[in-house]
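In the two complexes that follow, subunit A is the common piece, with subunit B as its partner first and subunit C second.
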Partner chain A sequence: MGAGRWLRTRSRNVLRIGRWEITKNAGGVDKRTILVAAVAMVGLAAMAPVAANQGVALDSGLYRVGVEPSSPYYGAVAADPTFVVQAPSPEAVEKGRQEVLIQGGTVADYARTQKGRAALAELRSTVQRYNDARMVDEPNQSAAFPVLVDLRYVDRDVSQIVVPNGESGSDETGSDSGTDLSVGTETDGASAGDGTSTASGDGGGSSGGDDGGSTAEGTAGTATDGDDDGSTGTDSGEDGSTGADGDDATTTATDTDGDQSGGLLGSVGDRFTASLSGGGVSGTPSDIQPPFPFRSLVLAFVFVLPLNFIIQAYGSTMLSERIKRRGELLLVAPVSRGDIIVGKTLPYFAAAIGIAAVIALGLDGGAVSVLAVAPLAMLFLSATFLGAMFARSFKELTFVTVTVTVSLTTYAFVPAIFTDVTPIALISPLTIVVRDLQGQAIGLGELAFSTLPPTATALVLFGLGAGLYREEDMFTQRPIPLKVLDALAGRIKRKRSVAFVTAILLPFVLVTELVAIAGLFALQALSLRLTIVLTLVAVAVIEEVAKSLHVYAGYVHAKFDRSLRTALTVGALSGVGFFLVEKLSLIVRLADLMSLDIGRAAFNESALSGPVVLSFLLAPLALHVVTASISAVGARRSRESYFLALLVAIAVHVAYNLTVVMVLGWQ
Partner chain B sequence: MAGSKDVLSDPRTALARRELSSLSREKTIVLALLIQLFVASFSSFLVVGLTSLYDPGSVASDDIVVGVSGDQRDALEEAAARQDGIRVRTYRTRATALAAFQAGDRDDRVDAVVHASTFDGRIDAEVTAPQSSIRTTVVVQQVRTLLEAVERNERAVRESHLTREVVPLPQEVPASPYFGFTYTVLIPLLLFLPPFISGSVAVDSITEEIERDTLELLRVSPVSLVEIVDGKAAAMILLAPAQALLWIGLLAWNGIAVSNVLTLLVAVTAIAALVVSIGLGLGVQTAQRRQAQLLYSVLVIFVFGLAVFLPEHPTTTVAKLAVDSASVLSYAHVGGYVVLAVVGYALLRSVVGRVDAENL
Partner chain C sequence: MIEARGLRKEYGGFVAVEGSTFSVDSGEVFGIIGPNGAGKTTTLKMLAGLLEPTDGDVSVAGYQAGETEMRKRLGFLPEESPLYEEMTPVTYLSFFADLYDVPGGVADRRIHDTLDRLDLEHRERPLGDMSKGMKRKVAIARSLINDPDVLIYDEPGSGLDPLTTNYIIEFTRELGEQGKTIVFSAHNLFHVESICDRVAIMNEGRIVARGNLDELQREYGETRYHVYTTVEVADSVKENGNYRRVVESMDAVEETREAATARGGSVVDIRTEESSLEEVFLNVAEPEA
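Up next, the complex of A and B:
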């Protein structure tokens, strides 16, 4: 009864403020503006096909090549806009006015500079492409393209072929996708289909299902050597059950997408997927591409783009509440702070979702895409909200908005690049969009893993901003760092709230750590050890700052007395709060992060707690309490001593992490 | 107007100084530089990261091991002998090769399996690569290079059946894979960001004065609206080449030589003047930040989009100038930008001159 009425009042208030925001804004941006903007947008849209058609060759005219029209190289050089054709002149090469010199049928000379070498390397790949293009017109195709390639990806852990037409639960679909592949090969000028399966040598392809054989025989060959085709059905059945089981966390992620994509979408979608992601290709050697979901990635970017415009308007309206003290009127109205914030945010959130839905319809994306964009939109809005609460002027807001745009786009985009490479990509909701656009199925666990942390982070940011949505903070101008401390201190009422603030900061910590891991991920190829150490340092820095910044804010705002005892209590509370929530965040496991060395390094504490003894559970607790106390003791004196203590705490944390990793071994 | 007067006592100089000091007081300029650095390092990270994924040389020294089987495995072995970073291990049957691939032993690791058999007069290569592994990209890239070499060798053998000549590949040289990216993407990005940020700040600067009614105070002093706009424009326009110079210096310090620095700075200044003129014009016309910013971002994107129709795209002009491959066309474009900037700014002044400041 009471709750119902409360809810009704809330929603009525929120809707009223939302409506007001819409009408005020529709009146705020006049028709002329909308018209000009619309004309410019239409103009841009009209230009797009032309631009796409001409293609903006960024590197056109970058290198200068001296070549005679009689040279066999002339055609290749002239056809590539990267090169400027010049008359060959050894003197020009010497003087740095020509990078590559071709005399007759050979490369006679090239500039011995970075540029000259880059030009020659570019020429090499140009010639390769040129040859391939010319061979297409040859009457004798088997001499022109003497090598045919059929590339498949196989998951080693599961001993199952996952790619792109990963066999599904049912035998039929399996053979369907097989057929498709061979058809694809045939149109490419080959007739691999049946031949492939018989050539396999393990005798698997011979019994029936010639078409499906190419997929089937791999499985047979690997799982149980020499098995014949009959086993395919059983095999995939088993795989299916592994997927459903879910007990084996390391295999679930890859398993499910392979299975379901075959089952749900059938072969056509799969072949589409293959061409998009570059997975499982047939053709000439030049046709195969390492996995890189380029097109889907570009399409996914379309989802992020409108958010940038929306937050511009949103930041503007939030800041103008403050600058003209308009917000004061709202604050004296009989509505709560929450109502105002939710009401003012709702129209923009709805617009973001609406646009995402339209884009999803246009790109053949599913509801999953929209669902995945929702937390991103929340994150953009919440960061802008907090920024607008911090900013002192429109100029500052512009920079805050750009910072938000750049960093959140990075967060969304960089991991999504690795969509097909590693489950770590799932830390970004955009990966879900990319997968959805590629026609892959998405598990509930994966969806939760990539959407919950950003959602929680957005809520935290809204919460911190809401702490500043008061008269005494809204209409004062203070530098941003002080405002950050204000926001944190606003949440601290008594000592106990320190633990609470640490706890609610955890999603933020999680997301930042994941981004750091993703950022360091590319380095892994260089040196695994260095990457792990760097990851440990990054994790320590992030966690220690999250455990102590609000404690420092509390001291700055004189929420605690400066005795040593209070400092230790507050530090311990912060450590305990962190520990408790971190244990709840075992969600990390859902996405199979533990199968990655780097992921294990970052989350070793969580990884330990599962099977191991009590001491292992207590060790991280002790660590968090100790380090948080160290920085709390520093925080009670001054800013300098806080930074010093923070450094010590980070050092202790890194040392602890390194020890744990060493004890567990590097792998 | 104020040709012979002392530059320092000119009210416009004072206004420009005030603009710059407000930027530095709010530390927004630091933020601006950070953002640019972030964007640049982000895009470099993308390229360096991705290239290192593709580039076998950058992956900890160990070679890619390819298990080969089938009656054409000799062709693969022959090609692999001449390729760096790849080793082949021969298996009698495909099944044993795949078993080794699946076993995934540390010492006896097989990264990929290529089963090459004769089929219909061609080599049919069935490649099995690992799914979802950090090495997958390198493995596939290496196998691709290997098979391309096999293709070339085979083409050479069958040359008599071909009607067209196959152009021999130029020799391989150790070249930086980032060279093209540095000059065609990174440098244009770093040089174009400052003008666009300047324009955006100019919009804020003018609309903020209007919205906060501080323009009125300025108007009390003996300065005209045109002079106010002049002062704001000067600060914002000059900020862009200063930042560009900073980036060029940083790049040079990192061993990336940038040629034609003066011409590049002229181009950056011209583009900044053009963009700032658009921003200030919109600010004065709309007198509201939200509208002005929206129109500014849309129009600047539009103008940049129009550049596609130029004979040489601005980014290409910048790239060619920076890499020292500039043609007459590139210089002509820079000249064109200067003319455009002068015209744009003159237009802004005449628009501002006709605006009744009392109504703002």
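Up next, the complex of A and C:
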């Protein structure tokens, strides 16, 4: 059969099965349910942009305030939907029908309850906002705002976070610190290049520095006419005082410039970009707060939420094929297993992409957003598919889908919240989505870095699930661990298959390791040293299991004879397979990583030459071959021997990792 | 049409089928019988390409079991009828017609013709609302949607009332008469006996006997002679004015004749009775009994 005909046949079968999947499910849901679901989905799609941009107003009409229209507070209260304006009544306050009582220009009374106190606090904020807004409307802006502070939050440069030996950190850190601490640090009122700082009036910040002011990366300062009173200087001084913290920061970064223009506010600015702050904040300097990444959070949530619903339906339909033996008739039809799986998955994948497209459209996103959601959708569906192949009942399926939901949502959602905080956020495709929606440029390398691992993992999961999509595995009630072994053993036809299976498991290994690192990243309370050790242990466990589990499965399914020679052979094959694909992927990722800040930080060019490259190749090869062989030797005997050997292999691996880290320079 | 050579199927150490070798000619109706767990269903699934033999091989209509071309020529009816209960019979059958590349017009005609022949009414009713017998008829209609050369039916009358079972067995017989090659298993040996050209008896994963009914009876069955005499002889019972004695050999017949003559009587009739398939089956499956 020619390739064209083969493709046509596959496509036709897949589309038929996909159409069938839709038809049969549509037949099982009454029209009213479909209508309600459609309305709910449209509502969600319509609400998403609003929620993303404005949040949800749950506090409307929450507090009752008694205030006369003649009161100077009336305008502020009436303009805030949080409050309900009522006629002032001391009796109402007393009886709990009114939280705050304003008489004339003063707050006369408030309910002595938790709600009353909250209402009072809210009123203060409202009045302050109201006053700020009035100041903004003031025709003489110079009078309204004698000091203007122009904050620019810049993307965090990786050089700020990786300064292992103090060689390169000083200047750059100093520069950045200067940038960050620009608020109120410049005292002469002059604009400093394109960067830095502020101009104030004649008030003086208590600190500041030319270093900071002179850096190219500094925050642009905007000078006002600076003719005002000392209060401005006081403000600047307050800001400038934060420079002391920045100073600490630069000291940590081995900055020897004595740059005092670092500051807490600056470092916070590094973490949260101006794009999230919404901008245009006016008021006193104390109003300047680090923007919470609310928008990232909502955007990430909106995209990941529908996937959780889709996998429920998908898992249910796949399990029904097994539990009710419906899948048997498709297995005997003239279509391949691949056709069936792709065909049954396609409608759910299309639904995920369709919903993502609608949401992206509503949020002014582009095709990149949809493109980035695609691997995530595949990952959710593939994990659910494999889980549905393992589950023996709908009860177990619930456990599976909850596990998938929690683990993959964590993987996708948590890093995306920190889109603008750290480049590691790129491990999640949702980070690409958030960046796309925020109008940031996305490089091809970044896109590949985010999307290829989940895509490859999804394909591996589908592949493993497909190994179970056959009569003797689908319709039997075997324990899940045995099914895992079935799925792995199904891919082993001969000894050299071991290397292939190890290789195809690598994307799974990579993502698992990324998730583990993301988990450790979340545990910021741990010391750096402990975090590194835990990371090395996690990596060793993941890699050794990935190199040996299918070898053990092969022994369980009598794919190999149990001689020592065979064990060493399959172990070596597994190690070599892992090494080859790991290094290949490293080369590929290096190309991508070198375009990223994190990549440049991790692999500076001097480290990738001569003996270092050679040791990068030979030592890991030896490690993987040795540890995989240890596990294989244990696997040939029994389950207990395998576990014991696996522990030994992990210990060797951890020891190796620690040695490498110490040789390269433990900081 | 079907060639099975040395079939063996092992499930994690348990041997379900061992060394099964048989062939089925084109247009033949071939029955597989045996006690529960004998390996009948496993054998049928290996023929249908659903299960991969641990050893041995199967060819159907000239193709290896499981090949796409083979599947196009096959109609398979599993023991249960796993239908999509929210669908109507016509929608359900149309999907399978589409899957088997049956052109739309042909499929519509075939669906309605087959449902007419199966006497299935209420075709727009969801399958979930149908009786078990009606569902079984829809499942049979599905197995015929591609007009297959080979039919593999696993317990087609399983769990149905006698009336529906007879209807389905009769329908299967008609299919055989139309030239379809049919392999089917059944617990009701009367049904097998009534429609099968040849039979294989399985026990504990092995084919322990096979052949047409005559051959099986000759090899594993017994012939009994009912000798009717005018006078009472030993072990005889009175029946319609004469005496009937059942013996199992011609020598015993001769002895009976001599005994009747000695008492002044005579033999008026001798009738032979062959073992039923059930008796053959019992003899094969439980030789000690």
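Note that in this section the second predicted complex is superposed on the first by the 374 of 667 C-alpha atoms of A that agree within 3 Å, B and C clash if a C-alpha of one lies under 4 Å from a C-alpha of the other, contacts with A are read in each partner's own complex, and residues count from 1 in each chain.
We take it that contacts are C-beta pairs under 8 Å (C-beta built on N, C-alpha and C of every residue); 3 or more make two chains touch, one makes a residue touch a chain.
These numbers were taken from a predicted model, which means no experiment stands behind them.
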{"item": "Larger contact residue set on subunit A - subunit B or subunit C", "value": "B"}
{"item": "First (subunit B), second (subunit C), both or neither touched by A:335", "value": "second"}
{"item": "Touched partner set for A:20, first subunit B, second subunit C, both or neither", "value": "second"}
{"item": "Touching partner for A:465 - first (subunit B), second (subunit C), both, neither", "value": "neither"}
{"item": "Which superposed partner A:306 touches (first subunit B, second subunit C, both, neither)", "value": "neither"}
{"item": "Partner chain(s) touched by A:324 [first = subunit B, second = subunit C, both, neither]", "value": "both"}
{"item": "Touched partner set for A:375, first subunit B, second subunit C, both or neither", "value": "neither"}
{"item": "Residues on subunit A lying within both footprints (that of subunit B and that of subunit C)", "value": "28, 324"}
{"item": "Interfacial residue positions of subunit A with respect to subunit C in the complex", "value": "13, 16-17, 20, 23-24, 27-28, 324-326, 328-336, 471-472"}
{"item": "Subunit A-facing residues of subunit C, complex", "value": "11, 45, 48-51, 68-69, 71-72, 74, 76, 78, 80, 82-84, 86-87, 91, 95-96, 98-101, 126, 142"}
{"item": "Subunit A contact footprint on subunit B (complex, rising order)", "value": "22-23, 26-28, 31-32, 34-35, 38-39, 42, 45-46, 48-50, 52-54, 58-60, 69-70, 93-95, 98-99, 101-102, 104, 115, 117, 119-134, 136-138, 140-141, 143-144, 147-148, 150-151, 154-155, 157-158, 161-177, 179-180, 183-185, 188, 197, 200-201, 204-205, 207-208, 211-212, 286, 288-291, 293-295, 297-299, 301-302, 305-306, 308-309, 312-313, 315-316, 319-320, 323-325, 327"}
